[in-house]
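Got a structure for you, written out below as structure tokens; questions coming shortly.
Naming follows writing order (A, B, C and D), and every chain is counted from residue 1.
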Amino acid sequence: MFSEFLQFLFTGVTIGATYALIALGFTLIYNASHVINFAQGEFLMIGGMATVSFMALGLPMPLAITLAVLLSGLMGVLLQRFAIAPAKKADVVTLIIITIGASIFIRGLAQLLWGKQYHVVPNFSSDEPIRILGAVMNTQSLWVLGIGTVVVVALVLFFTRTMIGKAILATSMNKQASRLVGIKTQFVLMLAFLVSALLGGIAGVVVAPITFTSYDIGIMLGLKGFVAAAIGGLGSGVGAVVGGLCLGIVEAMAAGYLSSDYKDAVAFSMILLVLFFMPRGLFGAKVVERV
Amino acid sequence: MGMTILRRMAAATGITLLAAVFTMSAHAADPIKIGSFLSVTGPASFLGDPELKTLEMYVEQINENGGVLGRPLELIHYDDQGNASSARSFASRLIRSDRVDIIVGGSTTGATMASVPLVEQAGIPFISLAGAVVITDPVKKWVFKTPQSDRMAAERILEDMKDRGFTKIGLISGTGGFGASGRTQTLNVAKRMGMEIVADVTYSGSDTDMTAQLTNIRNTKGVEAVLNFGFGQGPAIVTRNYDQLGMKLPFYQSHGVASDSFLRLAGKAAEGLRLPGSPLLVPESIPEGDPQKNIVRNYKAEYEAKWGQSVSTFGGYAYDGLMLAVNALEAAGSTDKAAVRDALEGIQGYVGVTGEFNMSPDDHNGLDPDSFRILEVVNGGWVLID
Amino acid sequence: MFDQFMKVRLRGMIVLAIIVVVIPLFLTNPFQYDLATQILIVGGAVVGLNLLVGFAGQISLGHAGFFGLGAYFTGIMTGTYGWPAVPTLLLGAAVVGAIAWIVGRPILRLKGHYLSMATLAVGFIIAIIINNESQLTGGPDGMPVPALDLFGWELSSFGLYSFFGIEFDGYELWYFFAGLMLLLAVWLAQNLIDSPIGRGLRAVHGSEVAARVVGVDTAKYKSLVFVISAVYASITGSLYAHFQGFITPAVAGFDFSIILITMVVLGGMGSTYGVILGAAVLTLLPQVLADFQELEMVMFGLILMLTMIFMPKGLLPTLGSMAGKRFAKKTGGQP
Amino acid sequence: MTALVEVKGLDKAFGGVHAVENVSFSVDAGQVYSVIGPNGAGKTTLFNLITGLYTPTGGEIRLNGETTNDLEPNQLAERGMCRTFQQMQICMNMTAIENVMLGRHLKLKSSLFTTLFRLPGLLRDEKSARQRAADLMEYVGCGDYLETEASAMSYGALKRLEIARALAADPKVILLDEPAAGLNAVETAALEQLIRRIADEGTTVMLVEHDMKLVMGISDHLLVLNYGRVLAEGTPSEIRNNPDVIAAYLGG
């Protein structure tokens, strides 16, 4: 029985780590601009698909991955420059629709470029799964967890130790004030999109061996990432990680113990429950209404 | 300045749109119009994509060879993106605006069924490329289909299991149309054959890990064989998870993954699994003298030469659909809809990629379960078992 | 001054009615009627959604859930159980309204993206239930729905009818019936907006604090408009089911929710006639782009993006203000 | 007779920081009662507590003898309390007169049914509400703006509009939070007239204001807050001569 539980837990943590990485991307952009970027999933897709096509060109895997992640980052910059920046006065919902339009556009391009088929990215290391106390774990899951941890630590260092990171944080706190002290907000926003897209690209590459990859893989993963970010509390890095892991574990446990038919419904009910008691998610900032 | 132009462009879009809709329709009356709506993009694109490629390729080929009844074929097709409501809209457009003579299409059961009321009302021959048994059972006057039904697939799989002495089965299925209908048929057939489904779990099309569901099957007492009914990338993930969990029970998939791309995705995890499939995947294993051999070999060679990717069973459905339509048109000697329908119903002994079709007023599918061959994955390739 | 208000409202309705009557002159085949009827029906749903999103400023990313509930309630009750269509439609609306009230109370306390998250979750749960309960709903492959039976008189888009010696095709009658329903939907929505209740709703958007201190029970009003927009969705969902004759879980799905909200935003939030234009554009666009084959998705995304970037207020309000303030007063903006 | 507004030992803490601490006072009907104090003294927080936007962490607030600690702003409005804001809360998605008619909300009790089908009762109510709103706009001095979109109005006009909206509910007590902020001398003089007139016509006025000339000129009673606590309370002349106030505030 314990091995069963452990198996569900492993499964949940692997999926959850994926969601967490995506949620972190949402959080970054949300923090810098208060935009919910529905095209976040497309960064993942680009990461995975570009890796596949660079490898097909005969590039060695590490180089292919690096290029793919950079391509994803470039896409993030272009998105901010040409879709978000020109619409700075738009309503929240309007911005959401713009990012939805962008995601359809990017997906359409990917489909033209790479076709509609699913592709495999090989495991980074051994295909042989690891067995622990009667449960098994894919080696790629360890890569997801490992790279996830590295990314989180890197982000923490980035925001606390570097000028650029601090500038992004400052902009998220108060645009006006940061402009006064000489931070170029547009530049900072672009950086936020860049980092977020790089993050998405990395997530896309590390999960591709598990989930496969195709031009439309970003839709569902992006949505799950948004869900994770909202459970954790939009704008909270810790929240994104915890929210992602929670969502993954709840899905796996629900599929294992309750009903596989309704596991997604269970996950969504959990969100409603969390928001019911904590209207700003688990770690969302408490805001006093100022009037 | 660029901004102004763009803004004007955006403004013009709305007006252009309205104008464009009103100018649709009106084509020359000369060619025979074959209408098609397929799920070329979206979650069922691996059905619609090879289907469309097949139709395009053979319509072109037929026209090069002089067409049908001395008239060229014109293929009018739309992408329903796997959405049944769009499928219905496009069916309406094909029938009422494009005024096609026959429809070959409908990648998914949902898309097909959503269009059936229109088709029946308009009285236009419709050859569906979707799987579920409800499409032709009960028989609908104007509706035919080329793939074997999911009920046949279930029968074929369960028979093979029974032959090998397995009667207690663990079932895992997708929650999409294909998986859900397949699950229902499997439950029914199992009951009829005196077999027992001891575990019954599902996964949704976008899931990325099915380990939890498989763990439950593994921990169910008495499971002797496992069947996965589903299509898309899901079954490939199931296959990999199955392997990772070290599950050694005999493993079956449905015809929903009968394609080489499945093998590519699942890799060595697919080793040893069985499924009911078209001989298309094993053209060299078909005995010489089998009437299907040449047809299958040619289709495979032509498709792969033209598109540079491996054939799938689904493209074969479209091939058969188009050829049945052509046969019926020729037999009817005109595009008269009732005559074409009657001709379709009268087709006997047409050998296609999928199998031998013998239509009748009670059977608008015309295939028998033996047209499914049981295949096994051995050394990364398909091997004909039965 | 007050009469002038009445006139502006009436004028909008008259223009809409004239458009509905004139359009058939340009329709050359039943397929175009088919599309036009879809626009009119879905238009009704977005007029209702606009009350919630455009006027009360509350985002919903799960509205198709209510549309789907209405469609399936009708499908199941009239199809499987043989209930009469009109009472079923009304009962369905009441049931969906009650469901909206129950889920609306807790989730409408949420603000901004958290509310959109919660509505998204509600929509997903509804879609999952419809997809999984195949005994009732036919599962992912969908279910057939009987033609609309108006107290013994069956309105089928395939039928042939004769009035006073003039022959009408079923699809023509459906078009006019849907047009009538849309006019009714618009009339009710306008009445609601231009009333004390409507001011309360708009104040929730304009300044929730201001609304509260002058005595508007904002929680109650948000629930109220949520319920009303759900009822709109349910009724139009029922009509849609009868009209289409076949429904699948896609009518309740996330994609359709996104399409509905996009219709509102694209057409112009808070502009009743704008959102109908939004419904028309988003219904016609895929049909037009279908001819571009594999470029369809790229073009759709691009058009959506560009329109929203350069016309953030939506099509009708922007076009309206381009055509001059007078025109804008009559059709776009606030009634 | 009991006081109209009565506050006893009121406390409000935000995460350990006391914005308002142990504040007590009472306002009699018909008074102009002003709250003054340096920036950050807790004046606006006090107003937010009284009008129900914040819930007190301690103490008691009474309106007309009824404890109102847990009431929502709309429930307080029903009991005759209305207010304006330091940072104006105008519905920019409406016209000017609609904003004032919004203030009339509580007097308009038509049912959903009446509304949806636009029955005669509603039309009658709307007509009288519109008339009343127009009169009030005339009264506060922005009668020229009736059908103007609120987003197109000047700052000074919006300030008056907000007062008209508060008055539209026929309140017993109206709380004005820095009504003179941002106004020029002429506008301020007109405002002083207006406040006096409101008070003379029987509506109690509570005022937070920095303009000492205005405050001293029209107030019957003053409360001085400093760091969330009461520094002094009394008539204008008492306050003017209070050494604590002079030391902490007036004298600088």
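Here, a residue touches a chain if its C-beta (ideal position, glycine included) is under 8 Å from a C-beta of that chain, and two chains touch if they have at least 3 such contacts.
Note that the structure is predicted; figures quoted are calculated from it, not measured.
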item: Partner chains that chain B and chain C have in common; value: A
item: Result of counting contacting C-beta pairs for C-D and A-B, higher pair; value: C-D
item: For chain A paired with chain B, centre-to-centre distance based on mean C-alpha positions, whole Å; value: 34
item: Where chain C and chain D are represented by their mean Cα positions, the distance between them in whole Å; value: 41
item: Between chain A and chain D, centroid-to-centroid distance (C-alpha), Å; value: 47
item: Between chain C and chain A, distance of the C-alpha-averaged centres to the nearest whole Å; value: 33
item: Where chain D touches two or more other chains at once, by residue number; value: 53, 85, 89
item: Set of chain B residues in contact with two or more other chains; value: 3, 40-41, 175
item: Where chain A touches two or more other chains, by residue; value: 86, 111, 261, 264, 289, 291
item: Touching residues on chain B, where the partner in the complex is chain A; value: 3, 40-43, 45-46, 49, 175, 201-204, 206, 208-209, 211-213, 215-216, 219, 232-233, 236-237, 244-246, 261, 264-265, 267-268, 309
item: Residues on chain C engaged by chain A in the complex (per definition of touch); value: 53, 59, 106-107, 109-114, 116-118, 120-122, 124-125, 128-129, 132, 209, 254, 258, 261-262, 265-266, 269, 294-305, 308-310, 312
item: Residue ranges of chain D in contact with chain C within the complex; value: 51, 53, 72-74, 76-78, 82-83, 85, 89-95, 98, 101-106, 108, 110, 112, 115-118, 122, 125-127, 129-130, 146-147, 149, 165-166, 168-169
item: Residues of chain A touching chain B in the complex; value: 4, 7-8, 10-12, 14-15, 18, 86, 111, 116-118, 120, 127, 129, 131, 136, 138, 207, 210-212, 214, 216, 219-221, 252-253, 255-256, 260-261, 264
item: Footprint of chain C on chain B - complex, ascending; value: 3, 6-7, 9-11, 13-14, 17-18, 20-22, 24-25, 40-41, 78-79, 83-86, 88-90, 92-93, 95-97, 109-110, 113-118, 121, 132, 134, 175-177, 180-181, 184
